[in-house]
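Order of writing sets the labels: A, B, C and D. Residues in every chain begin at 1.
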Amino acid sequence: MTDFFKGLKPVKFKGPKTDNPLAYRHYDKDELVLGKRMEDHIRPAIAYWHSFAWEGGDPFGGRTFDRPWFGPTMDHARIKADVAFELFELLDAPFFCFHDRDIAPEGDSLAESNKNVRQIAEVFAKKMEKSRTKLLWGTANLFSNRRYMSGAATNPDPDVFAYAAAQVKNVLEITHELGGSNYVLWGGREGYETLLNTRVGQEADQMARFIHLVIEHAEKIGFKGQILIEPKPQEPSKHQYDFDVATVFGFLAKYGLEKQVKCNIEVGHAFLANHSFEHELAVAASHGLLGSVDANRNDLQSGWDTDQFPNDPREMTLAFYHILKNGGLGKGGFNFDAKVRRQSLDPADLLHGHIGGLDTLARGLKAAAALIEDGTFDKTVDARYVGWEGKEAQAMLKGKRSLEDIAKRVEKEAINPEPRSGQQEYLENLVNRFV
Amino acid sequence: MTDFFKGLKPVKFKGPKTDNPLAYRHYDKDELVLGKRMEDHIRPAIAYWHSFAWEGGDPFGGRTFDRPWFGPTMDHARIKADVAFELFELLDAPFFCFHDRDIAPEGDSLAESNKNVRQIAEVFAKKMEKSRTKLLWGTANLFSNRRYMSGAATNPDPDVFAYAAAQVKNVLEITHELGGSNYVLWGGREGYETLLNTRVGQEADQMARFIHLVIEHAEKIGFKGQILIEPKPQEPSKHQYDFDVATVFGFLAKYGLEKQVKCNIEVGHAFLANHSFEHELAVAASHGLLGSVDANRNDLQSGWDTDQFPNDPREMTLAFYHILKNGGLGKGGFNFDAKVRRQSLDPADLLHGHIGGLDTLARGLKAAAALIEDGTFDKTVDARYVGWEGKEAQAMLKGKRSLEDIAKRVEKEAINPEPRSGQQEYLENLVNRFV
Amino acid sequence: MTDFFKGLKPVKFKGPKTDNPLAYRHYDKDELVLGKRMEDHIRPAIAYWHSFAWEGGDPFGGRTFDRPWFGPTMDHARIKADVAFELFELLDAPFFCFHDRDIAPEGDSLAESNKNVRQIAEVFAKKMEKSRTKLLWGTANLFSNRRYMSGAATNPDPDVFAYAAAQVKNVLEITHELGGSNYVLWGGREGYETLLNTRVGQEADQMARFIHLVIEHAEKIGFKGQILIEPKPQEPSKHQYDFDVATVFGFLAKYGLEKQVKCNIEVGHAFLANHSFEHELAVAASHGLLGSVDANRNDLQSGWDTDQFPNDPREMTLAFYHILKNGGLGKGGFNFDAKVRRQSLDPADLLHGHIGGLDTLARGLKAAAALIEDGTFDKTVDARYVGWEGKEAQAMLKGKRSLEDIAKRVEKEAINPEPRSGQQEYLENLVNRFV
Amino acid sequence: MTDFFKGLKPVKFKGPKTDNPLAYRHYDKDELVLGKRMEDHIRPAIAYWHSFAWEGGDPFGGRTFDRPWFGPTMDHARIKADVAFELFELLDAPFFCFHDRDIAPEGDSLAESNKNVRQIAEVFAKKMEKSRTKLLWGTANLFSNRRYMSGAATNPDPDVFAYAAAQVKNVLEITHELGGSNYVLWGGREGYETLLNTRVGQEADQMARFIHLVIEHAEKIGFKGQILIEPKPQEPSKHQYDFDVATVFGFLAKYGLEKQVKCNIEVGHAFLANHSFEHELAVAASHGLLGSVDANRNDLQSGWDTDQFPNDPREMTLAFYHILKNGGLGKGGFNFDAKVRRQSLDPADLLHGHIGGLDTLARGLKAAAALIEDGTFDKTVDARYVGWEGKEAQAMLKGKRSLEDIAKRVEKEAINPEPRSGQQEYLENLVNRFV
């Protein structure tokens, strides 16, 4: 037991009226929502990297945090693991997620690096025996080291592709051994800094091959989890190939991967791609790609990735509406890929961030469930499309009418459609009734 | 012969030293560039709607232009056609493009509207007998009338779908009869104002069916032109389904349309989707979707569609580089989907816009050709990827190695790739040498 | 009494549990908040132009609404006025706002136009005798007519300046006669389409002179209301001179106007200027410029002015926090410069928009009041700055120490400040507790 | 003499036809432009920090560059200084700029840090005796160290203010001793991460006081250079107080500083503030604030500060137009606050970046001069405003007419202004003629 969180007690649900800032006010894990425990809906996970590995730096300044585990040795990594599981316990978190490089230091060779990762994974395994916290997903950091500066799978140098493949093999196997529910491929530097030196077609072929390799290996080792791609439009690259859900779908479809890979959708990345979060969820659901979620939002005025804890219940209401209509997240969950601000120096700030985030998700979930249970909303939308249930409409839609057939009917029946109100304000008010 | 352009003479190529503002300084249609006439590379087209139908309005104010053909009758439409062909001749334009509603007024019924369009098409046909100006493409306006306020193909009301289909049938046939090289489907209002009242999956199904109908009819009537979709991220809708080239590719692939439809890529829409124009061209080329181009740029600080004439030779150099590497635009061309500003009231302003645009395209084409002929640029990029030509690299890429094979080789050969300069500044300077 | 709103009843407060969509759920005008009636805090106003004059058009399509008062005659204007006051009554609105051109049609001369405006003003005056609805502000439309295409006060043609001055004189006097609390100068087209043809310095001089003229005339006629400038970064112009509050302050300070003019701050314009709404309020308060508010928000993904009804209670909580700390809005209020969407065709949609907006404001006001009454928030912020109350700190701030003095003290006392947590997540959670 | 640039020769002007990538193609320092040497117009400066101190990191990855001087000791700092002056010589640079922390390592106390800076300044002084490279400006790094995480002058802790003051005193004096032409105050972290914990009014007071201290000390020590503020809208903070030129003007005017401080305007910051670069220059000129320039552009699709070398001659043509019309930059110059991309690992890349940048500036300068010498452009703009030279117009502008006078004249003379073309396309073409 470290003394990092000294004086801080396990966070409990105290209800909306408490003025204890270190209690959950809405997140009551066992509360039943639409017949399922709240925790089973949300499946929240703590992100190892942002909570423990990020040092508070930004492009204009270095480390602001002062943590006992900052350092290059395996001993530091072990302290970090201790503190991580202490936070999981304090927050009563059912899941966590990790990147390989953030749990263990890079060695002099890939073999040594992989060994370091494996050693910390063994530490995790032991801790997980006594903890209720499970692994939501693992992933490999294919972007921090300078060898990846021009991409990993999409690097112009095939040796980098190979190196990345070997690194992923290690983390995928560890993720499997730790019982992870998903394995995430974040594009990292799969994109370009300048189109001038880039062959986008070839790099897409490389990326597809890489993903095929991962899927084949996952099958071989018996990994039953989901393989997830995380869309992001830009940063660190000028252009990231996994721009948004629609782009990822096109890529997957081109290479026959659309049944084997889903998306890990991040609130903040949706915003940076000039979409609402609910848009990305709805598009993913329409393509069967709704896999998991990164809960972190972006600042509404910043043009870079700010990775902030969610704090907008209304946004999460709309999100949960789409998630619930899609039958829930399945093996996915809500990863808090969020970091406290670089000025949030205190250990308690790590709690505040997660508490506020979880309460926001809980409010969103409950509001979405109430919206669905009320039923008015769905009925209103159904009524808007009811015309398509008609016989002629279905015939058109199913390909049983030609352009000529349709044109003749329009003339014969003198069809002259009268527009009907889209009822946007009514529907917005209706949603707000439940937030 | 109207007197609208009274006093203005046909625009001739006078070379870069002329100070005649109404002469081409770079656009010399017969100049050979990489062995092909400049005009055959660019295939420039004048957009009927922006040059003749737009009245100078914006969301905060109405008509500023004062044109003799503004009015609701077929007589007005005939004057408009006269002036249009006068402009084509003044500019020596090889192509034009049109929307149905902009060439002829809407009637009391679709039948009457279609008849109006057909009558003006007959006027066009006669004029085209004596003119060298051909039809690059036609399209149907499925967005201005209130019946389309909630979309055309994606409307919740199947009658609107049917009405739109009947409208497209008419314009597609006319486009065919006039010898058009392409038929364009611009999304118009295919998108949503609010996700709250929208089923994105169903609307995608509707849109796909609509396009299938168009393709089938095109085949039936023997239309050999390209069918084109024009990507745009938003406006008039909050979200347009044809967001960008990558999104359109995904849509086409999902519905088995990716071999039958290409993209009409607009400079300004690329920018509004947060892409460079050359990015959209490169992505389209990689998917086999590079069909045609709308040459109009967006203002760099405006968040709405400004449709301005191109005036950046460097941007067009990068564009032509990708077009030339793709073997040219084929049946496509450069449509000036650009409007003079609403303060540009004078007939001469219509000439200035097109002259500046054409000169910009000509500079871009010549610079790109010089860049390619010089060869240094391509050699530099080839060298960056040369590693992928190696035997092991090809084996990886072709699926002949497993993740395990690769990981073993990385360990055995102690692969530890050293990064190499991406040479961005060098390449930027190299491009600028030819602009 | 027209029959436009036939079947719709006056909107009443029914409390948060009602499922009547045409009732107020949070806006209870007489509820006391911090000792003042809710209505007196908010001072909500209905915007004549968006609710009655806007026809549902956008850059890609025309009129969607079908209103009996759409037409060019004074009779149409009178029906419009009738319906307007019916809406005021249905909503129980304490205020309205108007533009001259939207209440009465333009005549053949300015004299006739002014007379038309005056005649409708007389209609208003009579109606106001029997109505509780007062005039929050009036303004002149100096942007719709083509004569203003290059600006009004900042036009390169001094005759346009003069014409605009004469138009403003009329509306200012009418605003005064109708007991208006404010007169608003919205920049309209005071800005530029291209810097290439624009002298920004001279145009600023013109604008300053214009405002001086208005102030002098207001004094002369005894108008005691506030004169307000409405910041907006762009649209319709590429650049609007009144970009944001900070820019307006600089302009006012340069011309000695900063004591005589305040700002009318719009939620949506703040967003388009890449600011949060609360930022603009806080900056205005710091300069003494917090005059009034336009409540309409922008769509978060759209780059143009969408003028939507507010529906985010959290945003309004932060806004009211700054308003309450500033002592309230005084003569200002919350104008709903918002329009129902162009697909919201039904008369009831006008009610839904305003009801949702008012409920959102009410929730924000109550949450902000609770936040202030709780006191924790303010104490936390006060504590952050407490060091500046120290003697040495005050001496530095008041100019009693030189750079040398300070440097000496730093060395002597070996000052080496240790950073303290900014507590952002804690504060965000604290705010959310009250939303 | 280090061997860092081994094999690279001094960069010479070889003219536009050279295919030597390490030669100037347009920058010919002694070429007379409008009667003044090109170098004296541009006054280019190399930025110490980006070229020598930046390690190639970004938020998603660490150091990519491999430089012999990366390290924490004074010996490293001395090697860095050697290489810096070698680059100045290779590029024949007339100026350089520096931040204190980037030339010398931070010590255990401010005294030691200041001493370190002074020691390297002495190294500089010696080198400058033998070099033609002068100091364009110096500045203090008040943002990298964690003590400044909440701002320097605007910190809630007055000790940080004091510490920053003591740090600036040292650099200001050194700048003076080294003959610097300017001293720059970059906002760094003067702004906020969240408005929730921030008093914007008080922080503005603090900032104003800080600048007064600097000005008073500059006067005291006899520093005749310009004091410059560098506008930037955001990053690292969510909001930077020096948002843009207009905001800075308002701040300066409020605190009586507008005659003593000018702006250092950065191309990329203008873009991030949603302005064109020429806009910021024109606004600065109109306020008498045009002091100096940071030449680096932003990527057009990236929402964060990319600090790239300029490569758009047209943008620089418009910039130089405003600079030349303003009488040049005076004591200012063009600082290349630009960094080669993190993938540009080679020493030669440092040359390519600066060569491309200087050639771009040279093309812009020559084009702007030609545009001015031709005279058509200025005449066209003058003609647009000629009406304001009339007697009545001047009377209005000079405050000799009341609103009433003007309204009477409008009626009497039946003024009904007819709009005139803004000629935007014509002017754009005219500019392009010279680029």
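Keep in mind that, in the parts below, a residue touches a chain if its C-beta (ideal position, glycine included) is under 8 Å from a C-beta of that chain, and two chains touch if they have at least 3 such contacts.
Predicted model only: the values in this text are computed from it and were never measured.
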Chain pair, B-C or C-D, that carries the greater number of C-beta contacts: C-D
Option reproducing the contacts of A-C, where over half of them reappear, out of A-B, B-D or A-D: B-D
Whole-Å gap separating subunit B and subunit C, where each centre is the average of the chain's CA atoms: 40
Between subunit C and subunit D, centroid-to-centroid distance (C-alpha), Å: 35
Residues of subunit C whose C-beta touches two or more other chains: 64, 146, 149-150, 193-194, 234, 239, 274-276, 301, 341, 343, 419-420, 422-424, 428
Subunit B - residues contacting subunit D, complex: 19, 21, 25, 64, 271, 274-276, 300-301, 309, 311-314, 340-341, 343-346, 348-349, 352-353, 355-356, 359-360, 376, 419-426, 428-430, 432-433, 435
Interface residues, subunit B side, partner subunit A - complex: 109-111, 146-147, 149-150, 155-163, 165-166, 168-170, 172, 193-202, 204-206, 209, 212-214, 216-217, 220, 233-234, 239, 243-244, 246-247, 249-251, 253-254, 273-276, 278-279, 282-283, 285-287, 318, 380-381, 384-385, 387-388, 390, 392-393, 396-397, 399, 401-404, 406-407, 409-411, 414-420, 422-424, 427-428, 431
Parts of subunit A lying in touch with subunit D, wherever the complex brings them together: 56-64, 143-146, 148-150, 188-189, 193-194, 234-236, 238-239, 272, 299, 301-305, 341-343
